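One chain, subunit A, links the two complexes that follow: it is found with subunit B in the first and with subunit C in the second.
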Partner chain A sequence: MAAFTAHTSAATSLYSPAGTAILLRSRSRAYPTTTTIRVSCSKTVVIGVAADSGCGKSTFMRRLTSVLGGGAEPPRGGNPNSNTLVSDTATVICLDDYHSLDRAGRKAKGVTALDPRAHDFDLMYEQVRAIKEGRAVEKPVYNHVTGRLDPPELITPPEILVIKGLHSMYDERVRDLLDLSIYLDISNEVKFAWKVQRDMAERGHSLESIRASIEARKPDFDAYIEPQKQYADAVIEVLPTQLIPGPGDDEGKVLRVKLIMKEGVEHFAPVYLFDEGSTVNWIPCGRKLSCSYPGIRFAYGFGAYFGHEVSVVEMDGQFDKLDELIYVETHLSNLSTKFYGEVAQQMLKHADFPGSNNGTGLFQTIVGLKIRDLYEQIVARR
Partner chain B sequence: MAAFTAHTSAATSLYSPAGTAILLRSRSRAYPTTTTIRVSCSKTVVIGVAADSGCGKSTFMRRLTSVLGGGAEPPRGGNPNSNTLVSDTATVICLDDYHSLDRAGRKAKGVTALDPRAHDFDLMYEQVRAIKEGRAVEKPVYNHVTGRLDPPELITPPEILVIKGLHSMYDERVRDLLDLSIYLDISNEVKFAWKVQRDMAERGHSLESIRASIEARKPDFDAYIEPQKQYADAVIEVLPTQLIPGPGDDEGKVLRVKLIMKEGVEHFAPVYLFDEGSTVNWIPCGRKLSCSYPGIRFAYGFGAYFGHEVSVVEMDGQFDKLDELIYVETHLSNLSTKFYGEVAQQMLKHADFPGSNNGTGLFQTIVGLKIRDLYEQIVARR
Partner chain C sequence: MASTVASLSIPATTFAAADVLPRRKAASRVWFPVARRGGFSVRSTGPATPPDISDKLSESIKEAEATCADEKGTAECAAAWDNVEEISAAASHARDNLKENSDPLEKYCKDNPETDECRIYDN
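And now, the complex of A and B:
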């Protein structure tokens, strides 16, 4: 935690290298933060989603836009390499677009994409604020294929703006703009297992090279990314299962997932199991519901998370059958569903998404429903 | 378990000593099992309660008759040393009244009161059957003060007959007459702690003599009393707490109590917590309910008990305040209460009874409510 300082206080030293500062200024000029366009929607609800790469941000975005309704696609007629997703209600922007150093620049300076020095937080803040206030912006586009910055794209204020990336909650000014913030926290064991699965099986990398690449990222991850979870209103924490005794082959396959929800957040009522504010352990598999090995276990409780009071719902294990999912949904409260079985319906609709049979999919879906609910509460209040 | 054989098969050898057999026959003649009196109530519901001495049978009876309504008193104008309790609805008879050997007889033969040879099961069966069929009986009276048999007393068929004693479920023929059977199962540690509390504090016995008396009873208890629990529809099992780590002074004070309920018993729907047929652990103390050390923990689950499928509700810890009790009552299901808070009301009404602040009182009260419910279901069906 000591390595982490809020952006505002760290800004001076971080931006002191002359070249970076010039780039920052030139960028601010190149991309005016405001236009004269005013949209009918008076104020945009802003959601921040932070996580390391390969931790399921994109899957979460697909679940979220599905819950919000309407298909999400890149801006029509725009850059085919745009990182933005636009749906009827929501626009998702990727914070990689605020890279102040492109791939070559990062390489030249020996700075990773995790390092705040590679990002233009001033521009990010100004543009997110502009959108929140109802003004369109010309947002930069980082091209993940070329590793360079492409011409900017126009972002008009949507009803819901989701900013997702490595640093969504890094800058205090940006944090203050967020109506809700979510951190996807994948434990080292699971991250390693996922990376092995993807990079070894699909890309032919060696186990050693995967381990080395994780190790190389770790100092910056620990210093700049992970500490953001203290600011999150909701954290989805992914851990190895505890249902299978001892370390085994199932690591990274069977998962224990926690949904940590901050108390007292406006328009965000934490989900609970059976009895709000108590501590519950629940194995739904039994007389009415049969489950295959290793079964499913839920836990619910409360506690402190970085000094904040939180409620925690945990799921260990995975769903084998639809009726298991519906059964579980029936017993969770404060889900913000609009009809009986909506969580199950959402998860079935995207059964091909990673995690649709376990707590990652369940809690991503639930957080999506909570975001829709939060948005509707804010709109209703206006 | 091997030492235990059903009465019917064991009868020949048990009653083979000539003296005992004669006593048995003479007793049968002395107390005719039937009279010509027919009561309006066509059929009596019969409940069996078995337990060792000093295990809370009498407290349970007081809770039960209170739930059934009306005060329970010894038969009016009868033997002041009668062991019977009569209320508007229920009559409770003590099976010590079926002693075939009085105190001197047992001493002469070297037989304890736990030994079936000291009991007249034939008479017990005939009289319980007679009452169940609506016929009054002249029941023997064992005088606990003199240790001898007093003249018999008339028992007219009540709506509910409770037979309580050491051997309520020992005889197969009597078991078949029971509409519901309950066993109070006090673990050795708790039994010892209770005995120390009573016999040492109140009667000045030494710790060694208490231990010796328990040890002396143990073989007969293990052979004849404890095996009855396999036949019980409900078992209240009392164990030392698990909330206080390590063996300590609190043994026998803070209790962990289980209510084990057989599945598939007619008119007896097991109590459950939150989700019927699943496994739940619940610590109600938390945000809404504050509890003092060591708190309260509930568990609910299912399993096998002597080859029968059972549901189990467990309470560890004790109630300090009324709101804790009401809170817990609110979250238990299938309690067979007639109004909100009836369990709490019953326990408060008898706050001076032993166990009114823990699981023994809670589950005794609940079993009382289940008996009332069973009775009402049987009556409704007629």
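And now, the complex of A and C:
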């Protein structure tokens, strides 16, 4: 009877808890021969997020890791400037780590970080594929403080891998590895308002410098980053509000947020309002619900987005009471929640995060729930 | 203790106010209004930004302004401003990290909002 034992093969792969390698010992020879067959019992689910907020705990990542169950922290004992976040179920890696040119190199060549020439897509593809197949990798680390590449860190395959950066969907091979892809599309006015809020307290920055910075990056952004929108399964588009007439709200506080979801994506059922496949315009404020200015307006519809069929849910305005949030949640369908009120609970849990009272928080939370649902469906299938 | 009480009351009001910047409500921050134009730099340092990043940021801004003064719209100009953006993002993340780790109660409550010390009452 042949003996089978689980064995870690040191040569080609590093031991990962998620996968196992089986060693076959053949009895027909005089000496033991070993043949290693790698069997992945669980392949990692890979999610791609394209966003321009740099590497670090962005609000979207915090909400996502919260939905997936657990705080995400940089790997313990590693580089303190690591861009990676690890939680119980998910690991978030920042694609800036795959820079082929460091800050000095980019300056010498006159290349922005948005330019694909500054990235090593081959290595990105190799490593994401390796993690997806259950092998641990030594991923380079890009130190944002010094602007140089630090020694690599070990990444063991998690249950869910999130790759976050500007070029998550740029390379075709990496795109094929993604189980779900999300693009955060911030319109220019909102981007300016947010960057002003972020940078104005900094010594050295002024409105002009912030504006100049956005404008200087715009050509590369439009050329390399924007086109990724067409490949995304879900796009969260943030626009200025339409509820305040005239010059409106130029501080970017009231936002109109659209969640554009591609139809026909495996394990991903688009959210809808009332009646799937119809067009709905809904103002929940009225007799049953009282809202303060400027109120809330929802829209749901379908259409085409870069040639794909999509469903679009849109929210304009702000929540200012818990009631409004629950009321809205009651009327949305296909949210992939596990219990009634889960969206509201998640939003309240992080009421101090930016966007907790408008569509950005709502749709980020919903996308997080969709990702959890996708992961559970994939796992159930195995 | 006072800061604990303040932080317990903040979430209730955050939800009510049309506020995209709840973090800036902390009483210890001095918030200068944004309405300055004409090449003025706001003089307050982001109080929590580590000084080395803050210095790097100011330097990179000066450098970018210098590079773009000569030749606007070139690749070098774009690269210089992109550099500024990268350092600004790093500064913002450093501030967030410092803020997160500054108050042990806040840190604990973030992970355990249901415990008695961290409960938030809405009335």
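Note that the second predicted complex is superposed on the first by the 329 of 382 C-alpha atoms of A that agree within 3 Å, B and C clash if a C-alpha of one lies under 4 Å from a C-alpha of the other, contacts with A are read in each partner's own complex, and residues count from 1 in each chain.
The rule we apply is simple: a contact is a pair of C-beta atoms (placed from the backbone, for glycine too) under 8 Å apart; a residue touches a chain by one contact, two chains touch by 3 or more.
The model shown is predicted, which means the values in this text are computed figures rather than measured ones.
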Mind working out whether A:Asp275 is in touch with subunit B, subunit C, both or neither, as first, second, both or neither? first
Which holds for A:Asp97: it touches subunit B only (first), subunit C only (second), both, or neither? neither
Partner chain(s) touched by A:Phe302 [first = subunit B, second = subunit C, both, neither]: first
Where does A:Asp316 make contact in the superposed view: on subunit B (first), on subunit C (second), on both, or on neither? neither
Can A:His331 be said to touch subunit B (first), subunit C (second), both, or neither? first
In the three-chain superposition, say which chain, subunit B or subunit C, touches more residues of subunit A. C
Touching A:Lys288 in the superposition: subunit B (first), subunit C (second), both, neither? first
Applying the document's definition of touch, where does A:Gln197 land relative to subunit B and subunit C: first, second, both, or neither? second
Touch check for A:His144: first (subunit B), second (subunit C), both, or neither? second
So the subunit A residues that subunit B and subunit C both touch are none
State the interface residues of subunit B toward subunit A in the complex, per the touch definition above. 274-289, 301-302, 331
Could you please specify the touching residues of subunit A with respect to subunit C in the complex? 53-57, 71, 103, 106-107, 109-114, 144-145, 147, 195-209, 212-213, 215-217, 219-220, 251-254, 318-322, 348-349, 351-357
For the complex, which residues does subunit C have touching subunit A? 10-11, 14-23, 31-32, 34, 36-37, 39-47, 49, 52-54, 56-58, 61-62, 64-65, 68, 74-94, 96-97, 110-111, 113, 122
